[in-house]
Each structure stands twice: as C-alpha cells, then as structure tokens.
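Let me begin by handing over the structure; questions about it come next.
First chain written, first letter: the chains are A, B, C and D, and each begins at residue 1.
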Amino acid sequence: MAIRVTVWGENVHEQTSKVVAGIYPEGMHQAIAGALNRAGGVTATTATLQEPEHGLTEARLAQTDVLIWWGHAAHGEVSDAVVDRVCHAVWSGMGAIFLHSAHFSKPFKRLMGSPCNLTWREAGERERIWLTSRNHPIAAGLPDHFELEHEEMYGEPFGVPEPLETVFISWFQGGEVFRSGLTWRRGAGNVFYFRPGHETYPTYHDPNVQRVILNAVTWAHNPAARLQDPGAAPNVPVDKAPEPITERGPRLHGDGDGGFR
Amino acid sequence: MAIRVTVWGENVHEQTSKVVAGIYPEGMHQAIAGALNRAGGVTATTATLQEPEHGLTEARLAQTDVLIWWGHAAHGEVSDAVVDRVCHAVWSGMGAIFLHSAHFSKPFKRLMGSPCNLTWREAGERERIWLTSRNHPIAAGLPDHFELEHEEMYGEPFGVPEPLETVFISWFQGGEVFRSGLTWRRGAGNVFYFRPGHETYPTYHDPNVQRVILNAVTWAHNPAARLQDPGAAPNVPVDKAPEPITERGPRLHGDGDGGFR
Amino acid sequence: MAIRVTVWGENVHEQTSKVVAGIYPEGMHQAIAGALNRAGGVTATTATLQEPEHGLTEARLAQTDVLIWWGHAAHGEVSDAVVDRVCHAVWSGMGAIFLHSAHFSKPFKRLMGSPCNLTWREAGERERIWLTSRNHPIAAGLPDHFELEHEEMYGEPFGVPEPLETVFISWFQGGEVFRSGLTWRRGAGNVFYFRPGHETYPTYHDPNVQRVILNAVTWAHNPAARLQDPGAAPNVPVDKAPEPITERGPRLHGDGDGGFR
Amino acid sequence: MAIRVTVWGENVHEQTSKVVAGIYPEGMHQAIAGALNRAGGVTATTATLQEPEHGLTEARLAQTDVLIWWGHAAHGEVSDAVVDRVCHAVWSGMGAIFLHSAHFSKPFKRLMGSPCNLTWREAGERERIWLTSRNHPIAAGLPDHFELEHEEMYGEPFGVPEPLETVFISWFQGGEVFRSGLTWRRGAGNVFYFRPGHETYPTYHDPNVQRVILNAVTWAHNPAARLQDPGAAPNVPVDKAPEPITERGPRLHGDGDGGFR
C-alpha cells in the first residue's frame, strides 16, 4: 500500500516573490509532492498555511503517514493548536520530515526541545552534500557526494540535540560546514531534518534532492498502528502487578485516581 | 569555587499531607539542598512554587550553575514565562536535574520534545537500582546496585528521546523495570533525569540517592561562560565569509536584514 | 524477495546434554530456522561449528542477508579466519543478530570493541521482557511485556558500547535487570543483540521470542548492494578534487601510492 | 593532582624524512607532550615504537591516566600483545586519544569494531575546523572555527560507529568534509578521535590544536579507580541473589563453575 504523504508548504514567497514563483509556479509544496508521486510507492498531497486549520485537521493527520514541512517567513502565523496536533501525531507514530528553513518552525523546535539555531548567508554559493553513512536507507541510490550549484549557506553550530545518526554533511563554497541530514525518534514517530531548499533556487527540482526526500519518506514511515493516546500514563493497580505484591506504607492517590500532570 | 545549585520544590504536599510533612518537615527541597551542602563543593539554596516568579527570576537563574527540579501535584501552576526562562537558561549552559515526578513537569517536557509518559503504581514496593555504566561520573562511589525499600513504581516504556547514556535501570518488586538515570544535552546545558523520590517515602534521606544527586550536580555543571543568546542565528555577510566568494543569483534578504523566525 | 538468513549454531550441548537434546532434538539452529521459515518472507538455512570453515565460507556469507549467531561452550574453537570473514561481511552490509551467550562470541566482541561482560545465574528463574520503545520495528506485534518462565539470569552492567537504541529491558525474579535488546550499526551492517536463549530451557519455541527474531531479521536486513571493499581508503588525486586546488608544501606519498595501514 | 599522560609516537618519519625532522626535531610525541606540560595540570611523558614493548608495559599503562596515540607508517609493527594491553587498560578506565592517521592504528580499530576508513589527499590544502557543540568541554576556550593553512585532507564517509557526540567537523579547500572530533566510551574508558596532524605540516605547534588536545585529556580522564578485571563475568550464586529464589529446572554448570568464554 502506498505511503500517504502530506507536503505542507507555507506558500508565502511563491505568492509575493516573482523569483520564487518563477521557479515554483505551482508552489514548492506541489513541486515536492509531484516528484514523490512520479517516483511511485507514495501518494503525496499538499496542505498550506492559508487553508482552514492550515490544512492540517485531525482527520487529515490521521490519514498522513509522513508529513513534510517547509516554512520560512511565516513561522509565527502557524497556530499553536495545529502545532500541538502535529506533535501529537508524531508521538503517535506519524513520520515527519523538516526541510531547510523549517529548522525554525514551531513543530520542529517543539520536537527538538532546543534552539535549533545556526548561521546563514544568502549568496547563491555552491553546496556539496557528503554522505557520512553510505548504506543508510536515506542515502540509498545516491553518490558519495552531490552538488547544488546555488544554495543558501547554513553553518555550524546547529543547535539541535545529538541525533540518532548523522547521514549527510554539507560543504559550502564560502568555508562553512553543516550537518545536513539528521535523524531522531520522538515517541513512536521518526523525524528527519534535511537542509537544502532555499526558495530562490531550484533545489527541489534536483534529482538527488528528490531522491533523498523519497528515501526519507520510506525511512520515516512507521507501519505500526497509530497510538491513540501517546501521552497515556496508566496506573497499574496493585492487584494487576505482574508479580504479586502487597501494598505497604502511606500513599497519596486513592483507588482509581489518575496521576498528576 | 563551589558549584551553585538551586533546588526547586513544588512544596505542595509538604503543606497538605501529614505523611509528607512528617518525612520532610522543612520540605523536600530543603532536605535535598541540605544533603548537598553537607557534602561540600556545592552551595545549594532553594526556591519554591509559592514565591514570586516561583523564586526563579532571571537574576536567580543567572546565579545558578545547576537547577534541581521536583514537582508533582502542581505542574500546571508553573507559569509559562518561568518555563521559558528555565529552558533558555539550560540552552545557555545551566545544568538541570529532574527528579521523579518532574518527568511530567513543563520544563522537562519542553526540553525533551516528547510525551515523557510511563506507567506507575503507588504500593510502597521495593526498588533496586542497577548501574549500567559502572564508571560513569554519575555513578562514582556507588555500589553496583542499591535498594530503596519503599518506592512508587514507574514502568517502561518511558516516553523520552533516546539518551546520550543510560546510567541506571530500576528493578521493581511488582515486576516492572525503568530507565532510572538518563543523560541528554540541550544546547549548552546538560540534563539528567533521576527516577526515585516519591514524597511519601524518605528517599531523599537515603545516602546513595544523595550521592547520585551530588554526582549529577558535578556532571551537569558546565563551567563555560553562559551563552548570552543561545538561539542567535547570525547572518554571515558575504564579505565576511571565511573563503572569498561572490554573491550570485537572486536573494530574499536585504543587506543587514535579520532572518525569519 | 525473501530475506536470506543463515542461522549459525555451535551445536555442542545438543550433542552432549540429554536435556538440551530433549528440548532441541534437531539442534537450536534448526529450531530458530524452522520458526523463521514458517513465518514467511524469510528463507532460513543453518550452519554449524562442525562443518568445514564452520559452514561460513565466503560464498555462503555472500548469499546471506542476515546472520544469526548462537554459541556458548566453544567460542574459542571458532577460527579467527572465519571471525574476520564474518566481520568483513557485516561491514559490507550483512545484518547480524547475536543471541544470548553469543555476547562472548568472537565476532560480537570484535564488532563491539568492548568486553561484553555481565553477571549471570543459572537458576531457571522467571524473566519478564519489557519494551522500552513500543513502536520500534523490532517490537512490532509484541505486547508491552512478555514472560519466559525459566531462564538464565544475565545482569548489568553489560559491557557494551552505548547502543543506537535500547529496545528491550529484562526483569529477573532474583532481582536483576538487563538491557535485553540493543541495536548498533557497524560499517554498512546492522547489529542486534537479544538476550534470551539458555539452552536448557525451551526459549526458542516461545512465540514472542520467535517474533522478536523475525522482526530483528527484517530490521537488520540492508537491501543495499554489499560493499566490495568496506575498508577501502582511496586516495583522491589533486586533479580529481571536487574543488580545483594546487598542491602545496611537502608530501610523503608519491603519485599513485597507497596509504599506510 | 596532575593528570598523567603518555604520548605514544611511532617515531618513524621523524627519523627518515628531513621534512618531518625539520618540523619536529625532538619527534612529534615530544612536541605534543611539551605543549601539554607547558599548559599545566598535566604531567606528560612519551613512549615510542622502538622502545621495548613499545614503551607500554603493564606498569607504564597502570601509571597512565590518558594515552595519546600517533602512528602512520608502522601500524603493522605494533605487537598484538601491546594492543591487547592498551585495549584492556582503556576498558579498565584509561582515557585514549587517537590522532590523525591513528584512525588505522590497531588499538583504535580494535576499540571501534569497524573499518575506520576514509578518503585522503596529501596536497597541503587549507582545513577549517568548526565546532558543532560550542560548549562541549573539548571545545572550551576555542573560537567557533579555526584554520590550519596546510593539512592532509581526510574525507567522509568515515567508517566509525556513530559517536556519543560529534564535537568538530572539518571543511577542506578541495571540497570535502570530515567529522574531525568524535567521542565514544568503551568499558570504563573515554575515547576521543581528533583528525589533524599530518607529519609534514607543523600542526602540533598550532595553539588551537594544542588546546583541543589539552581539553581532550581533561575530558578523557576518568578519576575512578581502574577496574582490575574489566571483562569479569561473575556468577551470582542462587543464595546470593538480591531476591530470594529457589533453583528450578535443569542446569549446565556445577556449583562454582566459571562461565564459558
């Protein structure tokens, strides 16, 4: 069964910048979704900031195996209720891929628990992306390195928690480096960050970039049933303890009480 | 120079439960701080929920090398502004130790980016804490295992991100296990979670528990100067690039613009 | 296409102990392989210590997607040449699953680079295996915990490198705990250790244990083409550098020299 | 008390290459040890391949808190007995720092359990080392990046296990990147790899490089008492189990037997 992907796009600069509109006439989200659909094995649809609830209703997330997120100018306009919903879905098992400037998006920062900051320069310089883990599933079918002739620079230190694995590191013409592909797990959900994708360059038309995103979708997809309540903290009554025990000493909670939160 | 520790206590059950007040007549925070001060090398003071700004002003956090947090009944009463401030301090380099029911405290959940849930049972059962990493600094001077005759049970799965290292695992009489000592880094700050410490038992009077907390303070202390702006994302102008480059292609940002957030 | 599994069994106690022979009349390796074959999606065959080259020729390893290893009494009889070959295959992309007493097998110790020691007791006590990561692929379809009524105890500290992820932790009736399911990557190969399986108990007939092994096979399988030379350290000639550079300063190596090893 | 460091140098090219002898007239090991001694807080001595037992007797290792290793041309001449001894000391708690071409040294490969390979080019190009973890103890006092005008290139993928933390990443003029500072723990010993230091360039005279090595010594030093038998796998007799149990079922081992290895 095809993996169901929702590509979320902020869809701001596509409307306000002729440069961006020229590169992505249907929007960046459509370019990303289109490449996934052409690859096969994936059914990709899109959602944008401007839709009601940013297109990310409970129902929509329940039908999404992997969510891809691109945002930049309008991070602050994303409603906190939707951010909560997205994080809840990740913890329940939805995969999440954050692209480029989504390092500063609300859901990414929430999932990381850290500042997610970096240095940057918009000079159209050359980026060369190196595999650090050649046989990682996200690197499947890729050469040991590939180039993007024009990209924005992102530089270290990148303020994220130590990842499960570092998959890619970027070299920049201006002299910086950046950990461009990193994996984490949050609850039952797999999370991948992939650096390239400044909106004034045709990065998402690049076949290697498209391949990384497709691989990441496959990697992030958790086929297990979605957890209904990923934050549940159930009490185990004394008489249901795996080993027989007798209650001893004082306690705070009455029988059947929930815990404090 | 002594490490400056602030022990934050919710200080609710000490006021409302005779059992808790009997075990910790000065409050749990005072018991923890007292043990640290007697150990030497540390200057521990306390702060509580009931103080203005919960006792955690900017000035106080700036003077705190390591913050210890115990909360349970009143997680929801902790103001979001103080939570922001605490996380900011951790990212800047302040160490943070979260004890027992603080797994559900707002700052811990914020720093983890995950549900932090578990199973639990309040039956006064025996807990045996095993070292998984015998020569880890947080295990210094401890036996391979030690017991707490009466404790609340916490059971796996524990909904936290994979740690840098697992230092302790608990065995419970009723049949469960739990990763009781875990380390992470968030920004420039070291974070440690330590499980024991239900308020109806004399856990913080236990010498082994006190030793763990003292060790964890030493481990969590980052002697580097506190970062002033841990979320800074500075632009590197083209003429300041480490390697000489020439700007190419279109760009979104004007000279001197800040980035989007 | 079915995943090709080779189950390697030491096959000593099956020949020398009536107890073991009674439980595993065809050998432990056959019991494990049989369960995998019945599950489907896997083609499992066996190899044993007593075969020429222990049944693990270059050709055999080249046809093995995932190797499962059980050994105990005869670790020292495994030839170093075969150990080299197995490690080379793992680095090239073959998955490897080490069961129970294989914690002290030569290939596991070689791949870990650490002592791999633990404490132990052979008393037929109850083991309860807890999931620490409920939606990990290796935990698919399993309950939050399951029991083995009779097992050998293994206790912490377990002398292995910090894993990528801790998937299972065991509780023992006698009071110990153990990290029973751990993952690593070594070169292009995925490595999993799973604790249960003392030969005097019917552990490999247990459906939950069989499920873990099947899941681990799927997880460990790396579909990428096997690396031909996983230790290659190629020189990149100056005129093939990704960016044009001019050689400067003194050098040790002549044109076309290999590096030192 | 000062940390006792032994700097092990292969001491081959210093004797055979005028270029190397010109840069390091007393040998690279003496240059490294001298810088440490001038910094204070450390007592550094040296040992070389040419000494009996390569200068690394049991007694010498027992007096060594942190061992620094530089080798290149003569990896194969290091005796396996000494390699065993070094690994045993690391597992017991000795810190170990491997420099540059020591990525292919026998003890490093043994401790990693992986090929430790990379790509390389000897062209005297510029290397720029970036901090990925600005407040890590090994980065203390260093700028966000520093340069070595002439270095050998090492390129990804670097065939090592995923580290505990990535501390440095290098940018190379010719277009490659490399994870230049990585940490692991093996048994009770802390292990750090640091990339720079090709023998035909004056890298170990660079103040930033010296600072990294000094920081790494402090980080790697484990003040705990050295484990006497880091591979011990003690039997826990039934009557010494933490919880009272009764032996059940068949067993292989007689009372007081050691385990199999």
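In this section, a residue touches a chain if its C-beta (ideal position, glycine included) is under 8 Å from a C-beta of that chain, and two chains touch if they have at least 3 such contacts.
These figures come from a predicted structure and were not determined experimentally.
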On the document's contact criterion, could you list the chains that touch chain B and likewise touch chain D? A, C
At the place where copies chain A and chain D touch, is the share of residue numbers found on both sides over half (same) or under half (different)? same
Relative to chain D, chain with the most remote C-alpha centre: A
Turning angle required so that chain A lies on chain C, C-alpha fit (0 to 180°, nearest 5): 180
Which whole number of Å gives the spacing of the CA centres of chain A and chain C? 31
Using Cα averages as centroids, what's the distance between chain A and chain D in whole Å? 36
Rounded to the nearest whole Å, what is the centre-to-centre distance of chain C and chain D, using the mean of the C-alpha atoms as each centre? 27
At least two other chains touched by the same residue of chain C: list those residues. 128, 133-134, 155, 162, 164-165, 171, 173, 175-176, 185, 187, 242-243
Spell out the residues on chain A that touch chain D in their complex, using ranges where they run on. 128, 130-134, 144, 155-158, 162, 164-166, 169-172, 175-177, 179
Residues on chain A engaged by chain B in the complex (per definition of touch): 13, 17, 19, 72-76, 87, 91, 101, 104, 110-125, 150, 153, 155, 159, 161-162, 164, 173-176, 184-187, 199-201, 230-238, 241-243, 245-253, 259-261
Footprint of chain D on chain B - complex, ascending: 93, 128, 133-135, 140, 145, 147, 164-165, 171, 173, 185, 187-188, 222-224, 227, 242-243
